[in-house]
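Both of the next two complexes hold subunit A, though its partner changes from subunit B to subunit C.
Presenting the complex of A and B:
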């Protein structure tokens, strides 16, 4: 570790010397990236990096080609990485996706920014909260990069989707007028990005469950872990790779909703609010209309199996759980969320299951004993003849 | 043809001993059994495919969605056929002579209870003598009753799940549990109860051909169903139904 640390210091010192030497000379321009800030002067070297204090390897190398074909390939480095004025970069600030990036947004002519999305996101279930209403344990909450993981270093192949034939044909038409191939490809990529599902259903479920299956983390926020999705027919279809099988976002972000604006189900604008359920289940106007004939009775039922909340609320000895601060948070929430009829449903389902378990044990157990006795008696009978 | 060969191979050789054959299942009943059996196996396989662990599902690879599609179609086809056979069976019980006789012989009687206790005591060596059974004995009656109850429950819950959008989700949740648990019960019962009866039981191993030929030998008849045997022997009318005529013994399986 020490060795690498030394190496990093050395390379930084070298970099500083080089920068001073090259100050007067022309800045290093490349074909792909308009690097007017001359960052690639150092960051083009693949060995550039260091181990940070916690032992994580940090790579500061920027692959020019990959960056050029990424969504942010047209941006200057300082548009996102604010405060890079000193070398070594000691005053660098964390990237803030809501900052303005000096690129003019063509429809309005104003500077582009993700602020709109970020504001929405902060007000949603996943956001830190707005104004004085901040959430506890902000470290558990996902940031932009948690879901938007790799637009920076994705191989150019991935940007183009699955059907090469489609790209060849449509892009050729664009390039009849837009003769600069690099520009045409970028614009095509930008536009078609919204037409494709970037992640498969299984990947979506993996992404959401990476937090939502963590019972402890979820309990801190008063919600139950979501393993119960995997008891549904929806998940079985996803497992078998059925086309358009419903993953998390099919119901929680159906047509007309935004992933950045997920609300609790008590919120009137949530797709899983009881008032919006029929529309969500039928998904009319979506690529796949799932339950076109859904009635209110069908749609307002429970989709995930009953989980911890119902279990806690139905159990007789709540007092034992109460000692745990987080569990009591879940119970508190469950009392608000679960209606009496839902709790009744949970108890009935549990009873039916228990009845069958006992029935199976008795019937099959009895049969086994009976057949064993019959076997012994038959053998005895055959021998005696 | 297969049936004929099976029959002639195993049974006709014994004819030289002057053995007679008794009908246990007539042709109609054997066909019902055959269709039900095939449907049951298809339903069990395609149904429990939903409960496969993830790593096994992954073995289907890129075919998994096609497999899933045909799984659903086959399950529905087999289910429909099974429901139709069950409905036909009700018709058979009520509107044919053989069916009515079956129904009357199958109805539970007080003797079944005493038979059950007697058999248990015989198994435990308390009693020396085995109780004498009529055409159907308590074990078969229980199995038949379980089959009717199971088929009814599976049909109703299956149809509910098939037309899911019309029903409240709570009802569907119950139907899902009942359909799944009843399936486990039925498959285990078939394995433990029925498979033993026709495959593992001493003298029946490796398989009892009754389901194909429909007849049993006189000796077995006398031993296993003595009461019924006596009844047949005392009643010429019943002999016409249950006793395979000697000149037709070669083709008994086809006629029975």
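Presenting the complex of A and C:
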């Protein structure tokens, strides 16, 4: 009897909770996003957020319209924020992009996951390493969110966005079978979203340089900062807004390569490995063929200017810097990366630079002396008249 | 010609000398720039010395706030969800309190800090932190436009995205009205300007004085979110359906009745099903 009484009370409590949540859903629910957990009940307010213990600004606001138009707009919050089941959300776990998110991947019918990309990324130059081969200073390495926000589907451009008529005609064909217009439009956006670069060249350079210009961070990993790119003709073109001017991706992730699988140039599959340079410079097979007639001689030339590594190796007093752990790591890498001929070229360039320094000093100095003497002669001449 | 005459002659020549100087100035500047470019660009020792110096400084306490000071964007780099102008918009009528306490002033109560912070988007601090005392001030609440400062009882926008903020309005003698400000804003600004000149004791005294009208027990969730609560939602222009929602016990109950509110995973509203 007591058992049935308890059961009845428990059922009543559950029913009340269910009704309360349904009421909340009814009052705040939106048709834009699949928010059956009613997270937007709180998270739709723009000022929702706080500063965490480390002083980081945590914004908990989610704009439902922007989210609904994003590539993740069909997912429920819990699909990524897994295990979140209490308020306050003290048990919240970090989002794991390699987890399955309950969307069926249509080609396999399995639950969708970014695990494939995450695995590749961990093994790449930007990843923390795999197995026992872990990198030092993992705090310096980018995570998924460092490069990716939640991108929105945008109106297509390029061939597929030449006119609204083309989009309408294509969509009309799709909707012959796929009768739900919302689904068809979303699938169309999903497809055309991949048909162009999402970021401009300046944005790509800004993203890469946000880490690679940090001398101190780069030195910790034995690499030099990327200031050398900004000495190149490629960067000048980007600055002048030349369409299709090459940014970091153009050479480091050309056609057939993935941004999640960037390898060091010593790796044979790297696009900047000497064996692959001709293919990379010509970029055959892509929409844009940069240097279609690239020869081995052309492709194996130096793209980035000589930087700190060459300076350190050529320096007579490098021993002074060897005490610094980070600098010695850079020198160690420099000895591997720079060939003797490259070092010879660098020294020749330095001599040429020195020659011009002296020449310019003589030319400008001579001009000044000449002008001064001429001025004095003029004054003397005027006085004598 | 005397000394006076020479001076006059020099003054007469001055415009020509000035013209000559202006003519030669670009050449001098170009020469200086060229010399700097050729001879004073950092070479190896300078680059490395700078690098070593930066490494040392980064370890020191001088750069504890480096990341915070460098943060200029509205959202941190690793923020995933897209934000809109409501996060970045300038609030011209922002209470002076936010100058010190920031956009997210609540941090202590783990259970409600973020929820309280979102209220800061549409409520002036003084609404909750300076409880109206009937015997001292005759106060009502109204919307104050963020741009113009116009007082209104009409509501525009929805769900925290209002072009106005709720402020306490004080009815003064002669039936005139003004925004009730428990902190003397002019004094607060003076304090911020000159606080470096104060001793720690003076700063503490000034802070106490500035906050003298702040209630020790601020208005809490259950004070408002109930029928006939602290705020009259009807007078603030809310629709009846929204008032019913605001007066319901969902959030208050969640915060006050439960130490932790568990979202029932047993009835997970179809999460396990794939979304078409």
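By definition in this document, the second predicted complex is superposed on the first by the 308 of 385 C-alpha atoms of A that agree within 3 Å, B and C clash if a C-alpha of one lies under 4 Å from a C-alpha of the other, contacts with A are read in each partner's own complex, and residues count from 1 in each chain.
Throughout what follows, a residue touches a chain if its C-beta (ideal position, glycine included) is under 8 Å from a C-beta of that chain, and two chains touch if they have at least 3 such contacts.
Here the structure is a predicted model, which is why all the values come from computation and not from measurement.
Judged by the touch definition given at the top, the superposed model places A:364 against both subunit B and subunit C.
Looking at the shared chain after the overlay, A:116 reaches neither subunit B nor subunit C. Of the two partners subunit B and subunit C, more residues of subunit A are touched by C. In the superposition on chain A, A:104 makes contact with subunit C only, not with subunit B. Contacts of A:300 after superposition on the shared chain: subunit B is touched, whereas subunit C is not. Once the two complexes are overlaid on the shared chain, A:345 sits against subunit B while remaining clear of subunit C.
Once the two complexes are overlaid on the shared chain, A:63 sits against subunit C while remaining clear of subunit B.
When both complexes are overlaid on chain A, the residue A:168 reaches neither subunit B nor subunit C. Once the two complexes are overlaid on the shared chain, A:237 sits against subunit B while remaining clear of subunit C. Applying the stated touch rule to the two superposed structures, the overlap between the subunit B and subunit C interfaces on subunit A comprises residues 356-357, 360, 364, 368. For subunit C in complex with subunit A, the touching residues are 31, 34-35, 38-39, 43-45, 47-48, 51-52, 54-55, 58, 65, 67-68, 71, 75-84, 86-87, 102-104, 106-107, 110-115, 117-122, 159-161, 241, 245, 248-251, 253-254, 260-265, 267-276.
Listing the residues of subunit B that touch subunit A in their complex gives 50, 54, 57, 60, 62, 64-65, 67-69, 120, 122-124, 139, 146, 164-170, 172-174, 177-178, 181-182, 184-185, 188-189, 192-193, 196, 200-203.
Of all residues in subunit A, only 14, 17-18, 20-21, 23-24, 27-28, 34, 36-37, 41-42, 44-51, 55-57, 59-63, 66-67, 70, 74-76, 78-79, 84-88, 90, 95, 102-104, 111, 143, 145-146, 148-150, 152, 183, 210, 215-216, 219, 308, 311-312, 315, 317, 321, 324, 326-327, 356-357, 360-361, 364, 368 touch subunit C in the complex they form.
Remark: subunit A residues 233, 236-237, 239-243, 291-295, 297-303, 345, 348-349, 352-353, 356-357, 359-360, 363-364, 367-368, 370-371, 373-379, 382 touch subunit B in the complex.
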